[in-house]
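Both complexes below contain subunit A, partnered by subunit B and then by subunit C.
== the complex of A and B ==
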């Protein structure tokens, strides 16, 4: 228990102690944070370009009933049923949004709001009604906490310990994401920027749209345990949005977003250590801070950069 | 039809989910006598019930009215952004004097909400990022700051009694009389402001360019509305929770949007729907101890929305399907009548009776289908069977005749068809071999009024472009 909101800043306790005393744990936590925000950021670049940011928000909220129902049906917290429940919830969300949009004069934004809030409400009610039978905490789903991921379950491969199971699971998702990105980069690029051209090239834009939605659900469900359903949106949008302020080239933006994710994980971890706050929260604060910096001072488009350039121009052109 | 049917199935499935949840819940509660709780609720004896009910009613009222402006401006998700963005303000207000002082929390949350909305606008204006990304960033970024602060507060010495967790899912029973007073004041301010500046808000909602041209202070009005919205969101947080307060802004207003085209009616309906959802939520969550209020308010609102979506008289799915089916039936009937007219015309109007088999050939349909069509004609009183001696069994040789109304209608349809063909060739310069398909469609939709005008413009023609007679109702009497 302490008295002040901001504890005294001490370089040693914030930056050295976590590594010196709990080196292994700190490493796995930061790596997990990086894997989560990196994978989210990778998918997020396309989510932003397709203006699906708020669809992502809707999907992340709707996962709650999906995993709750999966849990009630199978009575286990295994990855596979949770994953299937989450994917089903993600697809249901998108289908319901489209159904409301097409069958009435309700605009897409209102449709998104109605669908995700209803599904989320159903999830919370299921959790509170079956509170004694369910090992899911609604608040845990909302917050998520990197510090609480079970690091003691060690994954084994051929008799060799390779690391904590959740981190390895996330790493596999990340590798799949990178694989899919390399395999379908051209298709994703064309369908994101010019669906008409894609269709004329024989690439079905709707199929890729649904593919992205599907993969987005997978990424969100594998991340929510660490960062919670709301902050996963931060991890999806911030890296890509910040990168797109700096560059117009998609490949460059993807590299930058991975770099930003690394910064979020490392700096967020230390910020949270200092304040004794949620690590996911710390990562989001860092993400917001970096976005603010880039927004103000990006090489070409930063607000301050423009201001300085303009005044410089005025000085040189004025007689 | 197929598509609409599928959509209805989906919506019904959505409707079924909460019902299932309810069923499970009621089963659980019957052990702890939920009937007693219900009776207790409706006696309104306990002050806690009255506080909760008044609170949720006021919240529904405020959010319904203000949400209407968001929904018509396609800004629905700004409500979502706002409700997440106030979280750091709530924490800040709590830190102010380390207690759940409604006023401190109110001020902090309002400041954070308005800052969030302003940031969305600013990001949108100064970067090439789209509105949805801007909203997502403000929503998640502010929420992250809020999470950081609340976790710190829970570690602080005073954190244990904070009750900040109520802000996540909402519990109407947690409303204090101070909260109710605040809610009452906010509702009053909302009503007064909306009444005073109704015209201004109406204009900026539907045509912002026009509002600017009139010299209205568009920016000030926009931020005034946002301030009111923030007030409403902040006072609703305790009863509904951060995540679900946006539903109260969107869903009742969207339901009202489905039912009316007039803004003032939409405001009234949205307020009523909001209050109804609030009452439903307060009631259901009172039935058992561990039920949060917010989700039930949201499901109440969603149920109202689904009812409006399915049964709304003008835009509802079911009435639309029924209307379409009725129209399809009428068109089929009219096509049968037209075929009968052609049969008559082929005999130079000498033979009024017609055979079912001949009609089938004329319609290019099977005898079976044609019999069904004729039966419909008879049912509508437009045709009569002549050879009743052979019993009611149908056959290709069965003889029929159009009644007077049937004949009139047949003449009308053929006249519509041929007039339209002539109109297209004369007035719109169509080739004579291109007009038939268009007329096949249009003949069913021409009203008496338009027909008279076309006749007048074509100077009461006698022959269509193919040289056939245009039936004149008075001339061709059966």
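== the complex of A and C ==
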């Protein structure tokens, strides 16, 4: 048993040393954390409104048959075939989920449950029949690690080092996400809140639904590959959910979710440095903590605000 | 006023700490910094390097390499290391990719298993080129890995190359002695009881080295579960051959083994170390009076052997 459960908090080692001595590492880790949370959060705002928040968790399970089939076809556990298998499985997952919810009375949460558990089970059976003697699971052949981002290959542009490859890749995905958001903002807004109105305006809600979830599945799988599973599942939900507690307006929620992502990345990194713990874990814990704060104290519907309002009402109505 | 003093205090402590760190690094510059992944690789590096190096292991005692999560200081350990050793043969999963990438950027990175002759590795029957990574369970095989470490250290620190070669030879001798210790200790086990039934398929090299038939209830992958038909087969096998004990592993869930133990009325012989060594400083004693620290490679090997032997004898 350790004598102290937590390491001693020391301002210098927690906040100064990471930047003074390992500035490069810290910068890339925090930037990558921010890019992943920001992008997932951006897409997540819409995903939550469509009751698909658990799709990240679903894909993390349903990609098992994808990587197994990719392995059986190529006899290789290299990242590229695993990644292609995972993307194929991710796309299959969201297409099946959409198909079930659009052609039956089943609600999205149940559709997600049906699809990912069946695909995961198929993966388990494939492994125990064909590849029982091989160590083949997403944890060891696909999932990356946020902490190791600075050690990745450095991308070059015209002979100049610009940064670790996964960070650059994530930045490109983030730019695409922002571009799509600007181009289709009105359509996304209407189809998220009122599919009926959208249809009467001549916007096909189904098409946007498929578009959003397909894009999401690519974002999720490529983030799994570079930063691992915890951060991605959490960041699809946390920034959007926290922002939507504060405001009803989607544009404001999107800005807030980006701000929250930045807070998660910076504070989470320092929390992990202090506790000598997993960095993705640190960022997720901060996200949970901030959600708790907002849930308690949000201006309109926070628990505290409601309590204050109620007691105020009682005081004014009683003689 | 108070605030000013506080700021000053913080500033001063930071300066002192900074100086301390600078001093520590310049002091340590004389020795080599080695980073190693699993506890077994760290122990091997420590034996060869002696007091010439400071070895930091990324994975602690009892950590399953599959479940390893990098912490913030780990990355600095890797970056500031003069040389990095890892197991290889896909034991470290994606971490190995990162290490290979670091190797391409002029950081000396070695998979210790690369000096094991390929024909001595166990290959998966259906899948060419995918080897069983659990080589440390055969001390003679693990001794082959010393060569990689000795050559790497001799190249980085040529002034002390002789020291590394001497300690390498001594380590090799020690590993051969562990093997002999195991052969002697297991000698009294009757032929019929030489069956090792465990949670997952990690002990094939052990079985080959010490003449045991090895049965893993689950496959190698942590994702696969024990099939019902397989369990029934194993239970029948245990009853038919009157096997005295089966074993759980320190880093795998014991559920399947417990069920088999209940169904077949066969005792659980104890817990074996599989993918990591035990806590340093934890001393165990075998039935013949030899005692060893399970936080070392020697202790891990001998603890496993004595657990198996004492339960099956």
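Quick note on the criterion: the second predicted complex is superposed on the first by the 226 of 319 C-alpha atoms of A that agree within 3 Å, B and C clash if a C-alpha of one lies under 4 Å from a C-alpha of the other, contacts with A are read in each partner's own complex, and residues count from 1 in each chain.
To be clear about the criterion, a residue touches a chain if its C-beta (ideal position, glycine included) is under 8 Å from a C-beta of that chain, and two chains touch if they have at least 3 such contacts.
Note that the structure is predicted; figures quoted are calculated from it, not measured.
In the superposed pair of complexes, A:295 makes contact with subunit B only, with no contact to subunit C. In the superposed model, A:303 lies in contact with subunit B only, and not with subunit C. The wider contact with subunit A, measured as residues touched, comes from B rather than the other of subunit B and subunit C.
In the superposed model, A:99 lies in contact with subunit B only, and not with subunit C.
Of the two partner chains placed around the shared chain by superposition, subunit B and subunit C are both touched by A:124. By the touch criterion defined above, A:57 reaches subunit B but does not reach subunit C. In the superposition on chain A, A:75 makes contact with subunit C only, not with subunit B.
Of the two partner chains placed by the overlay, only subunit B lies in contact with A:241; subunit C stays clear of it.
When the two structures are aligned on the shared chain, A:281 is found in touch with subunit B and with subunit C.
Applying the stated touch rule to the two superposed structures, the overlap between the subunit B and subunit C interfaces on subunit A comprises residues 124, 128, 130-131, 138-139, 142-143, 228, 272, 276-278, 280-282. Subunit B contributes residues 3-4, 6-8, 10-11, 14, 17-18, 21, 24-25, 28, 71, 74-77, 79-80, 84, 95, 123, 126-130, 132-133, 135-137, 139-141, 143-149, 151-153, 155-157, 165, 168-169, 243-244, 246-247, 249-251, 253-254, 257-258, 290-292, 294-296, 298-299, 302, 305, 309, 315, 317 to its touches with subunit A in the complex. Subunit A meets subunit B in the complex at residues 1-3, 5, 48, 51-54, 56-57, 61, 65, 95-96, 99-100, 102-107, 109-110, 112-114, 117-118, 120-122, 124-126, 128-131, 138-139, 142-143, 228, 230-231, 233-234, 236-238, 241, 244-245, 272, 275-278, 280-285, 287-288, 291, 295, 301, 303.
For subunit C in complex with subunit A, the residues that touch the partner chain are 10, 13-14, 17-18, 21, 66-67, 69-76, 78-79, 90, 93-95, 97-98, 101-102, 104-105, 124-130, 133, 201, 219-225, 227.
Against subunit C, in their complex, subunit A makes its touches with residues 10-13, 16-18, 20-22, 25, 29, 64, 75, 77, 79, 123-124, 127-128, 130-148, 150-154, 228, 269, 272-273, 276-282.
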